[in-house]
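In the two assemblies presented below, chain A is common to both, partnered first by chain B and then by chain C.
Up next, the complex of A and B:
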């Protein structure tokens, strides 16, 4: 089953190379939806009130704008717009109710019972995670959109001498956060994850700020996570602290759809490692449960040596890429010391 | 490194353990008819606190300065539907950012607007605001030896489209987006260079 989704030794399917652009588009759309939904909600209220003549000029502008946007899709705005509600934490998309699995875990631990109508709304995300792994983190999470913008801005600021944090911690720490969160939820009877889970916080704060003209403490929390990422550890919150990331990593550990290195084409340039936001090591086939399938490594690879594959486990370290000098050297001198450890001296080659 | 990690964990736990000590209710407009006339829409909020189910309505939904308005409050027990019979004290305070959050502005931040007893199953409190702004109306009563405090938002006049926090956050977001779009090629190059030099 461990076969790339294109024939062996051939170039990866050409679309894989452009998936990263599609991912940015997806993240942007999700983020824009989180802004649009509260605006549509306000518009719904105005429609329900039949209160156009009571509105102030700015409210009238909002009414007209939302009417323009939604008119092609709905006949009866007051009711039809109910099809899109909520946030990525829990919401409704064209009538399908979807919930973040972490919300269900939180509810179950806080209430000591499974409320099945709610739990079942997490079924689709769970199935998708089992197949695609931690894709939510890379493709949907609205916080990722801001974290990646922030991460890129930090790279840019490095050029001006403003060094960003590059500390590394134990990745397993986030599992502890997940376990402590479950324990505290059970102890307090409150779904505490909603207070510290960035997509939930962001969705809620965006709704508050737009629909209700205010911010909660979640905004401060989110700004702190951005600062942590910038000053302490690149994408540190997602990598070391996010309880949702921990859950998705666990669920996606044996995912079916994963990225694989084509060792025959790899030249060990390490660009894949350099662009990996989660600090993984694709060049040595180390993706694990952490990979969010962002496909940045596929996009940056000059030799098209990264592709998607169907497998429930990563390949074991395949050694140096066959296009690398190290490999060629080993081929010529198989008894050289580097033959024992293919990972030595493979940096900055090419 | 340990200190930084510990500091972050401390902040993390502090935020997790933050408890709200008031029942702060955010409502949504509901456009039922006034029982006295068929004209104004109302802001309606339904919530539960302690033993009581509370319904709060503001007439009109968009109160304006120097125009009279009214709050209607219904309080019934959750278990048996019995109506609350204690007097309710209504007070109001300024909820604008600089007075409420930062503590600037008027020293006299809270003002009692009346104490109401139940009348035909409802507590009615009239109001008249001189200035537009964001206010919090607090309903306070005691029952069974327990104090109940419920805060409701009330906007008088047109709201400002964006506040200081919103402006700051909007600016940061705009800055991030601009840098990412304008410098995308340079960022992509730097990312690879910096990443390779670190590893």
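Up next, the complex of A and C:
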């Protein structure tokens, strides 16, 4: 008798609602690191050259600020700063080498050989992806940071009457991009993904623009993807084209940690569908391998009907939530909640 | 009518295939090893292996304390786009061997920073002296290249009037070319891939 009442009153863990803020923090930190690491490497060059007295005023400013930032952490800037290098494509974090699985896939297909010291650097990301799914796309990818800001900007532009594109294509298309990319890498003998994978391109271009002569050709590519997102299809590149997203979706298909809808609480307001960056259908329990666990749907849900759960598959479509016991007001049912329930009161106001 | 159309399509397809196989696309893709003179970072694999191994992560340049590693755009063919190179006359390699340690893919092998492993493992190219240009060989004692050489007497020796002579142990770091006071430089690194291509 009490069991359904308990399930109705079950609130998701309170932190899940705030995960989206944490996610924005992580994205910003990763993006700032991509700017900071090239600056630190310039600082390292200056230290190695022992050329403080020969720097121009702007270079002195850079030297001083980087010294200020790094001084608490390093004794010998010339060598100790080697511990943090690279980008999200492939990098070294406090001596641990981490690599995007797509880089390993691309390299194996380009060279027809597995270089194990390199392949093992992708082990940690692969394990994390198997457990948490496509979390890289939502939580770490520096391109996501700009793409999401771009789609937020589109919302503002829509308010001023400038329509942004909202076409939809087949989500499976990115798997084709991945397959074609692997084929072309094998055919040409180069890691072609490096020049069409936004996080790799963005990390490289940030490094080029800060530490070397200036933006390279990848910037053009990235700007084109931004334009594609805002003019043709919202988050179109991530949804339909990104080969890395395809790989992560495949790896995270049977992820353990996933978002679930609590049908008893859901009132079918479809805010979760509207807010989902990847165009999924959380309101009808359709997450699939594509969900990047960004938790925007949890944050936006007015009824606390979204939560994280441990399961290796999505629950099948649980049907519309407003027909669940919580919202059936006229039906006399022994299991229906009493009028004290706040949900019922809200429904009555309507 | 349908047969004619079929033959037409077939011929178009065939000519497109031939076109792709032979000229243009391949030329745009193929590495122009003869026109560009560049060195790969120390410890790099052979050119083709290097290109298939390198994932364009830029870490070699980030860690290079001498800031001598640069990256190709599309000027050396699409295959080597984004790969690191060293242009010795602008800035040469000081053989610190940090890039090999940081390279995640083994495209640049990790080599110990000692004389023996460096001489054995590193092969960026080999220096060649142009005796018509070299001041020492023209009777004005110079010897700058010898003083710049990190492997002096192993890779480069000087004789009478400090006339430089390159030995087989030269790894091709390019410091001699970088320091040469002649314009154009009298000592030049012949890159390893150029030697390999000419040897064929």
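Methods note: the second predicted complex is superposed on the first by the 312 of 350 C-alpha atoms of A that agree within 3 Å, B and C clash if a C-alpha of one lies under 4 Å from a C-alpha of the other, contacts with A are read in each partner's own complex, and residues count from 1 in each chain.
Everything below uses one rule, namely that contacts are C-beta pairs under 8 Å (C-beta built on N, C-alpha and C of every residue); 3 or more make two chains touch, one makes a residue touch a chain.
Being a predicted model, the structure only gives us computed values, none of them experimental.
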Overlaying the two complexes on chain A, which is it for chain B and chain C: clash or fit? clash
State whether A:204 touches chain B only (first), chain C only (second), both chains, or neither. second
Could you tell me if A:194 is touching chain B, chain C, both of them or neither one (first, second, both, neither)? second
Is A:317 touching the first partner chain B, the second partner chain C, both, or neither of them? neither
With the two structures laid over each other on chain A, which partner does A:82 touch: chain B (first), chain C (second), both, or neither? second
With the two complexes superposed on chain A, say which partner A:48 touches: chain B (first), chain C (second), both, or neither. both
Once the shared chain is lined up, is A:212 touching chain B (first), chain C (second), both, or neither of them? both
By the touch definition at the top of the document, which applies to A:152: first (chain B), second (chain C), both, or neither? first
Tell me which partner A:167 touches in the superposition: chain B (first), chain C (second), both or neither. first
Where chain C runs into chain B (options 44-52, 152-160 or 170-178): 170-178
Intersection of chain A interface sets (partners chain B, chain C): 45, 48-49, 195, 208, 212, 217
Chain A contacts chain B in the complex at 45, 48-51, 54, 56, 58-59, 146, 149-150, 152-153, 155-156, 158-159, 166-167, 169, 177, 184, 192, 195-196, 208-209, 212-215, 217, 219, 221, 224, 228, 232, 241, 270-271, 273-276, 300, 347-348
Seen from chain B, its contact residues with chain A in the complex are 1, 4-5, 8, 11-12, 15-16, 18, 26, 28-29, 31, 41, 61-62, 134, 153, 155, 158-159, 161, 163, 165-166, 169, 173, 175-177, 179-180, 183-184, 186-188, 190-196, 198-199
With touch defined as at the start, can you tell me which chain A residues reach chain C in the complex? 37-38, 41, 44-45, 48-49, 78, 82, 85-87, 89-92, 97, 99, 103, 106-107, 110-111, 115, 117-118, 121, 188-191, 194-195, 200, 203-204, 207-208, 211-212, 216-217
Chain C to chain A touching residues, read off their complex: 29, 48-49, 51-59, 61-63, 65-67, 70-71, 73-74, 78-82, 98, 102, 104-106
